[in-house]
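Each of the next two complexes has chain A plus one other chain: chain B in the first, chain C in the second.
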Partner chain A sequence: MAEVLAEGFNVFDTTKSPAGTVKYLESPSDVISLIRSGKLGEHILLVRGGTTTFLAPALSMGAIGVITMSGAPESHLGILSREFQTPCVMTAHLSSSESRYVVGDTDDAHFVEIAKALDGRRVRLDCTDHETGRVLADD
Partner chain B sequence: MTTTAAQGTTTGSTFRDRYRPEDEGLRFQELTYTGNFVGMEPVTDGIKGDKMMRARAKSKVLEKVTADDVRKDQFTIDELNDLNNYLAWNIWDVLVMRATEGVSGMIPRQEYEILAFMHEFYRWPEILRMTTREVGGAQGIMDIGATARREIGTKVNAVHDWAIGAVGFGMGRCGLLALEAIGPDDYISESNDILKFMQRVLWGKRQDGYLLNSQDRYRCKIHDDDFLATLTAQIEPLEAGGPEHAAFTQFNAAAELLSFLDHYDCRLGLGDTGPYELPDGNLLILRDLFVNEEVFHWSDVCDDAGLPHAYTLAIVLDPEKMSLAEIRVNDISTTFTRPKNYIDAIVGGAVFSREKWNTPMGQVANIPIKDLPGHLERVRTATLKLYSKTSRMCRRDLIWNGQYVYYVDMILPHLRLAGTYDKACRDYNLWEIDQRVANYYYDITKRGFAQETVPSKIFSGAGYLPFSDGADLGNSKGRWL
Partner chain C sequence: MVHPLDDTDYDVLNVVALKKMASAEVVAHDARIDIGTAERALAALADQGLLVLAGGMALPSDAAEPALRSTADTRYARLRTDDEIARLVDRFEPINTQFLTTMSAWQQVEVGGRKVTNDHSDPEYDGKIIDRVDRLVTRLQPLLDALAGFDPRFAGYPERFAAALAQIDAGRVEFVSSPTLDSAHTVWFEFHEDLLRTLGRERAE
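So, the complex of A and B:
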């Protein structure tokens, strides 16, 4: 099995295993730029929040896979990921780090560390496990 | 393994067991609830949680009640406290897992939510009293609720009706208590006004004596059989993996996403009813997706894209195909299943379009699934334009726009049907911001009030303080001390 870079909640069981370069989306303008680049389908999208609206046009236009740093399968984004059948790993944490997301008590450094480790990496999502979604190295 | 009532065959689904009186349902989460029941056994989610909360009630307000009960002018203190406790648990039940979401990255939802909660508690009572007067009293409000039984694409639905009490009373009062702007025995009379309005609308809609879906094992079966038959006759068969199935499910997701965005990242844009068991044993969910709300100025992009007020999807699930163990249509109009993923189990569907909020039901049109790609394109166009427009707004505009989505939209459908929306705008300054709430804008980010203090009190249940035994039902705000 390939190296597990990160893991989190699996939003739904699927044999789909999308691969692509992680793109960290920090602001709405990043989302708009990605869509306008025409390269949406080449990327696994990495975001901080587990809400839907931040990723709205990307999901609607055919995002292939999503990793979030907060949120659970019951969140807006979890619901929409299932409806779109877009594989999604939520509240992902790095396998190489002890840092974990805690509601209302997560230092900014937690998010920065994950973004730094994953942004630009070639990865594949494994969402076959009922509970745990995995981000595998694919380079 | 179980036997289906409809077919008499042995299958892998077990969801019908959830409707046996002794059944306590599945646990969808490991967390438990305490609220105002410190020192007692923690309350669970789901069917068991509903049973526990009702067993702890002092009154009969959470059991099936009659029309005469609903017509009474006010609740007793025990009834108010039972509703307060139950709504607090219900809010926890449907929302606590959402507490993990973190920040939106675009819309400051927690900030606008708390402002809206408090605004509603202060401003809604006189508008709801006026509306009740204008429709001739309690029965008129019950009749507004009853309209939902033979309509689709109407916002007189579970989430809006629930929000009147759960949000306007429950969370609004909770927020003001947390801010120490009010005490537990302030505004009892106004609390009664809000909760009576909620009770009357919900009772009129359900007609079974219950108020909430959670009291009926998470079912919202409000439509009459003959009305449902007119819709199910138009359902087209779908096969997982086929192009029609893909077109239907992708349209569902895209329209749902736009409805969230048009309603500022909240579920007021979504309304599920059901599950209705069909003669063949399959389950029907009716899903309203409000993709264009004309009172929101930002929804002009949805007009430009030629979108209707609402699409309604009839979604047919084969429970055996997914070995369905439990299905919940919760009180915020959202369907959750175990197993979680029901998309592959969709075996039929139909889409309907309601042009305006007041388009007669007879003019609600069926859209053949082969025509969905054109609608999907319009939805995508509106989504990108609305996203681009929203991303250019300053934080203050985002917060007040979101505040309007809650404060106006949660009672908008009822005011529309009562014919009092224009009067509320003209004579009651509905769209103005109360000075008290305007001032709270500057307090909500201090000491984590909006992002930590209030969510903690709302989700834990600790902030829903009870009214005192023997408190005066006529109490408003007697003193500013």
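So, the complex of A and C:
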């Protein structure tokens, strides 16, 4: 099995296993730029939270996979990913790190570490497990 | 420096920010203005860098949220100190949690301890969920009425909920949760985000 770079909540079981280069999206303009680039389908999208609602246009325009660093499958983004059947791993944490997201008690360093480790990496999502979604190295 | 938006610009930019991507027709409908006014406002807001126009759609720029937040601070200062609103908003939070859970139950059913996609083959199960959606929307009404007393813009939400529920009653169950329609979930989500902005609060994780 490929190296597990990160894992988190699996939003829904699916045999879809999208692969692409991780693209960290920090703001609405990042989403607009990505959509305009015409390369939306080449990327697994990494965002900070399940409340990152600015991701919605990317989902409606064909995003292939999503990773979040916080949030629950019951959140708005979880609901959207199920509606669009876009594989989604939520509140992902790095396999190589002890740092874990805790609601209301997580400093920026946690998010920076994950973004730094995953942004630009070629990965594949494994969302076949009922509970756990995995981000696998695909390079 | 962020300049306060006038009422029309606020309402138009607010719709774009809530929908994340909206045509002039949709903006006009939800902001309850005519299409010409919506188009002029969208063009002016694009000139100010508050939104981006692409392919006939408007998308909020990074500057949209700060501009809306700053204007809302003034526009809703009185509403934010109203005791009745505060009481109703406190009641809203658990209702919102129930709504999110209900949406998940609509999308997925538990079979043998695993959640699987609801294929909508069980009308009894779906009927219970739809009843729950109906009840939750009804419980929202006092807050919507109170908000509409401060800003008639909020009167648009009951109309949109009623339209979505009427479609569901007519058998178009995609109006429960479809993100590409003005479904009950779409209207609820937008209302929640609108409410948070109005109150000057952040969405909780």
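Here is the rule we go by: the second predicted complex is superposed on the first by the 138 of 139 C-alpha atoms of A that agree within 3 Å, B and C clash if a C-alpha of one lies under 4 Å from a C-alpha of the other, contacts with A are read in each partner's own complex, and residues count from 1 in each chain.
What we mean here is this: a contact is a pair of C-beta atoms (placed from the backbone, for glycine too) under 8 Å apart; a residue touches a chain by one contact, two chains touch by 3 or more.
Keep in mind the model is a prediction, meaning the values are calculated, not measured.
Undergrad: In the superposition on chain A, see if there is space for chain B and chain C together, and answer fit or clash.
TA: clash
Undergrad: Per the contact definition in the header, classify A:I32: touching chain B only (first), chain C only (second), both, or neither.
TA: both
Undergrad: Tell me which touches more residues of chain A here: chain C or chain B.
TA: Here the partner covering more residues of chain A is B.
Undergrad: Identify the partner contact of A:H43: answer first if only chain B is touched, second if only chain C is, both if each is, neither if none is.
TA: After superposing on A, A:H43 lies clear of both chain B and chain C.
Undergrad: Using the touch definition from the top, say if A:H110 reaches chain B (first), chain C (second), both or neither.
TA: Touch status of A:H110: no partner.
Undergrad: On the A-aligned overlay, A:M69 touches which partner chain: chain B = first, chain C = second, or both, or neither?
TA: first
Undergrad: Show me the chain A residues, by the header's touch rule, that chain B contacts in one structure and chain C contacts in the other.
TA: After superposing on chain A, chain A residues 12-13, 27-29, 31-32, 35, 49-51, 53-54, 56-57, 59-60, 70-76, 79-80, 82-84, 103-104 contact both chain B and chain C.
Undergrad: Which residues of chain A touch chain B once you look at their complex with the stated criterion?
TA: 11-14, 26-29, 31-32, 35, 47-54, 56-57, 59-61, 68-77, 79-80, 82-85, 91, 101, 103-104, 106
Undergrad: Which chain B residues qualify as touching chain A in the complex?
TA: By the definition above, chain B touches chain A via 28, 97-107, 109, 249-250, 252-254, 256-258, 260-261, 264-265, 267, 334, 336, 339-341, 343, 379-380, 383-384, 386-388, 390-391, 448, 451-452, 455-456.
Undergrad: Spell out the part of chain A that touches chain C in their complex, as residue ranges.
TA: Residues of chain A touching chain C: 12-13, 27-29, 31-32, 35-36, 49-51, 53-54, 56-57, 59-60, 70-76, 78-80, 82-84, 103-104, 130.
Undergrad: Can you check the complex and tell me which residues of chain C touch chain A?
TA: Residue positions touching the partner: 20-21, 52, 54, 59-62, 64-65, 100-101, 103-104, 107-108, 114-117, 177-180, 185, 189, 193, 203-205.
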